[in-house]
């Protein structure tokens, strides 16, 4: 049902693409004016932040079929790099953000090295270990990371002399990061590079036999995903102005992973939907007090029962499994693929 | 010298606990063929079952073992129904997320039902100790080692000698072929899962007795440790998983001894990553299905 | 005599105690249609896997265009100009035929992340090239009707063609086909044969694994016969057909062969 | 190109959904309603639920008591508990929600320093007091003038612990220190080490552990190897109990002292005989002799189902603190007035002792020495404590 709705939405969208785009962009730009409520804007910011973060994980898990469950580690590195550069060295936000992305992507490269030999759950456990190792180092390396005291007073970014603080302003940063992420990722995915990632996900042996250097492509994929996690981390740090290692636990990593899978792996839109759903559910069920997380957990399970490939997950992928009923639908959906 | 010997013994006894958890974990992964993140909560439920058995009936070790085994067994059925049964043909990340969701569910329910606070665990056995070569070893440490060894042995015998164990192994190696041979795959898988959970429950009880306390959130770290330990053993190989648990325990304790306690979990993980890089399938050869 | 394009020298592959391939020599000349035959489990596919870099030979050396390739991995060998298909079809089942073929152009294009982000000249010319050439290949293989169909939904025989089309996208010097006729009906087999001959006429060197004698005898100009991992005969179809060893392998002892899997 | 724009559309749709379903905070409320409303931020779910539950129960207890006696100047106190799950992201969003609703006069909480510090800029900008019972990060209260903490500064307790408890009372010579590696533990440890240097106390070994650790055997073995006569434990009640049990399992005869747990019955319940003769520093004590506190503790236990630690006690005090501050207000009761009076509050004595805020919004407490004897806390006085 949902997928039909989405198909219909897509159809309508395709028909009037230009008008809708313009309306959308205007709408997105004026949302803060329509919703001057900073609580709601705060939630929108959180959704946008998680959406990009989950999107960056989706690059790794959804597009090259690797299995990273320690994404919180990359998030941490991005946040700490920006925070350290901004507080200790007095860098301004924008270059610090780029450096944070680059540093994270270098770490992503190092983490991806074991992928030369490991796959599946063994790779997953390496990423999980990495995430914990990084967190414990951040907790103990007091000279650089402030240790258990964390880093406080991270300055707000400035743009053309304006200080950006508060969710209404920050909305635009998260929005720009999100749109840039989608825009750039979309281009990469539709190029030779993206095709090679997807081919590895679908059938690594076949990809290799066609000359796709699987190991290099996987490393590049990890680096690219990590880069965006670093960028999001870097925007996160000055938004909350204070970071400490206990914000980047394994649970946070699982949370991001759950968003990707609830939304659907292997589509650009999936993580955005997943992040929105997960964040909204936990806010909407606030009235349930101590039962809130119980409800959240049940909803995750129900979601997996109901739509294992995620709400808007890719049908046209190995990730959707071998469900016969899905296969029928695949046919109609893949008609669109040829024209991109 | 004594000091390092002592730390080695500490490592061994802690490793024995990890081993016990890992045996259960490896059993589950072996037969179900999927990785689970509920094991920590299974351990916790086992501990709480024993806690209530001790509080309401008698402080008797066997009663504790039976209750915790039974409670975890029941939980195992639920886990099987919720997280695995319908996902055997699905990509593996789906049951994985289910187990993450389920563990979240159990943990939060436990906080509501059992109360969120730490409780003292009744002690069904007297805490004595013996001296071996000047190193003091507690009865509970000995008990844990004895239980680990006997459970592994029982499991080994069941697995290799009984008809039923052969079915279990057959299912863990090839579900389709087993089904063709007339084995009730679903049921066998469920029972295998339940055995693993039951072992986890007993491990939970022993842990609670060892640390003399229980807490609804105790499962998180423990589940992770059992996961790491069995990965070290190649995930599905039971004796190797036990060995993996002991190695992790020893690594952690010797790491603390030689370096610093601050990086305790780092030692375990670094050790694990190194082992995986050198021997990608863990310290044992692959046995059974690849998860 | 023509140039030797692919040469095996005393190649062996052991899996533990199992000698899947034992001391096999082979020479394939440019422009040949070369056949490798043998009963089930003779080690044909293993031998192919060694040639294409999936396995490293336990002993021996493989020379491709005169260069040793024993230590290269499959993607490096593919880059050198060897393309292959698989016995149990390894298509990207969830992609369309068109997408499958486009991935085949990986080594012939240069777009990198940077080019893709800015959609610069490299990207544009690459995409143009890939799209055009893909269509050409799809037309050539006769798959135009299925261009936008999911590969996994196609009939078996057509899937084999898609796999060949994808391999052709590499513009290989040699094309290794692993049991291309398996599971095909006689008409399809015949079409395939004609198609292979046509490809050969266009200049592709082709090596084919097959256990269907009739098919391969009428197709190839040189043959290698494996049994239990060892070479038992080599030469033109005529020579092989009359070789006592081959007859024995197929009709005599062949019945009891099959204890191993290739 | 098209795909990603359709994504934007989904985001918009979801935002609309969000606007629809989250009960939009009623921003129409004003200060002159007939109740005083406080927001309580606490981790009701998640790994810190134990403490969140304590917060919830203790603050409600205080509010019930005050309301039973007629409230503040006839107006009732209403508490609204917000679950933050121990996640600063949620906490910050909740803070925004509170800033947008004029009804909330002040915020009680959050439990962890991470959360409280993430909230500080938001609440500070909006001019709402965040009165945290437990946030112990040394920089927290100074972040802006609206931030208050009554945990007690560690440059008060730690030196007291070193000089009076360890050196003068216990007569310790060689001390092994074990501390929890979080913001509180680290700052207590740092202050403690400074003082030991001044006092000339010999610290033979110092170790820390990451929150959530259960197995201290190897750590204790290591500390034991350096032969201390006294162990100084800087941590909370649960961990003190775990360590006491494991010291006993090791068969190690060493004097135990603890900074942090206060007079939590929890310790005795969890560790029984193993904490016999444990010395600890505390700003207040809950024993049968201290009737008021004892009654409080019994009431808490019946409501929460477990023994109170120091955390619910300070949470309980925050409500009374706010009451006292509001009673001092002479004009309109506004958020700013609350801050003003909280800052200037003098002579307040709560369950946990006298509380007077310094310039930055922290307090320095006075400390006592307690010892566990026969499963009971006994106050110790025979040492020359200069007040």
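For reference, chains read A, B, C and D in written order, and residue numbers begin at 1 within each chain.
We take it that a contact is a pair of C-beta atoms (placed from the backbone, for glycine too) under 8 Å apart; a residue touches a chain by one contact, two chains touch by 3 or more.
For clarity, every value in this text was computed on a predicted model and none was experimentally measured.
In this assembly, C is the chain whose CA centroid lies farthest from the centroid of chain A.
The count of contacting C-beta pairs peaks for the chain pair A-D. Taking each chain's centre as the average of its CA atoms, chain B and chain D sit 35 Å apart. One finds 40 Å separating the Cα centroids of chain A and chain C. Computed centre separation for the pair chain B/chain C is 48 angstrom, with centres defined by C-alpha atoms. Annotation for chain D: residues touching 2 or more other chains are 45, 47, 49, 53, 181, 210. Looking at chain A, one finds that residues 136, 139-140, 290, 293, 318, 320 touch two or more other chains. Along chain C, no residue makes contact with two or more other chains. Chain contacts here follow an irregular pattern that is not a line, a ring, a star or a complete set.
Working note: touching chain pairs come out as A-B, A-C, A-D, B-D. Residues of chain A that touch chain D in their complex: 9-10, 13-14, 17, 20-21, 24-25, 27-28, 31, 35, 37-44, 46-48, 51, 136, 139-140, 142, 147-150, 152, 165-167, 179, 182-183, 186, 240-242, 244, 246-247, 251, 267-269, 272-273, 276-277, 280, 282-284, 286, 289-290, 292-293, 312. Across the interface of their complex, chain A is touched by residues 1-12, 14-15, 17-19, 21-22, 24-25, 27, 44-47, 49, 53, 81-83, 85, 87-90, 92-93, 96-97, 99-100, 112-114, 117-118, 120-121, 125, 137-139, 143, 181-183, 185-187, 210-211 of chain D. For chain A in complex with chain C, the touching residues are 184, 187-188, 190-196, 198-199, 202-203, 205-214, 220, 224, 316-318, 320, 327, 330-331, 334-335, 337-338.
Interface residues of chain B facing chain D in the complex, by the touch rule stated above, are 3, 6-7, 10-11, 13-14, 108, 111, 115-120, 127, 129, 136, 138, 140, 207, 211-213, 215-218, 220-221, 252-253, 256-257, 260-262, 264-265. Within the complex, the chain B residues that touch chain A are 35, 37, 82-83, 86-87, 89-95, 97-98, 100-102, 104-105, 108-109, 111-112, 224, 227-228, 231, 235, 262-263, 265-266, 269-270, 272-273, 276-277, 280-282, 290-291.
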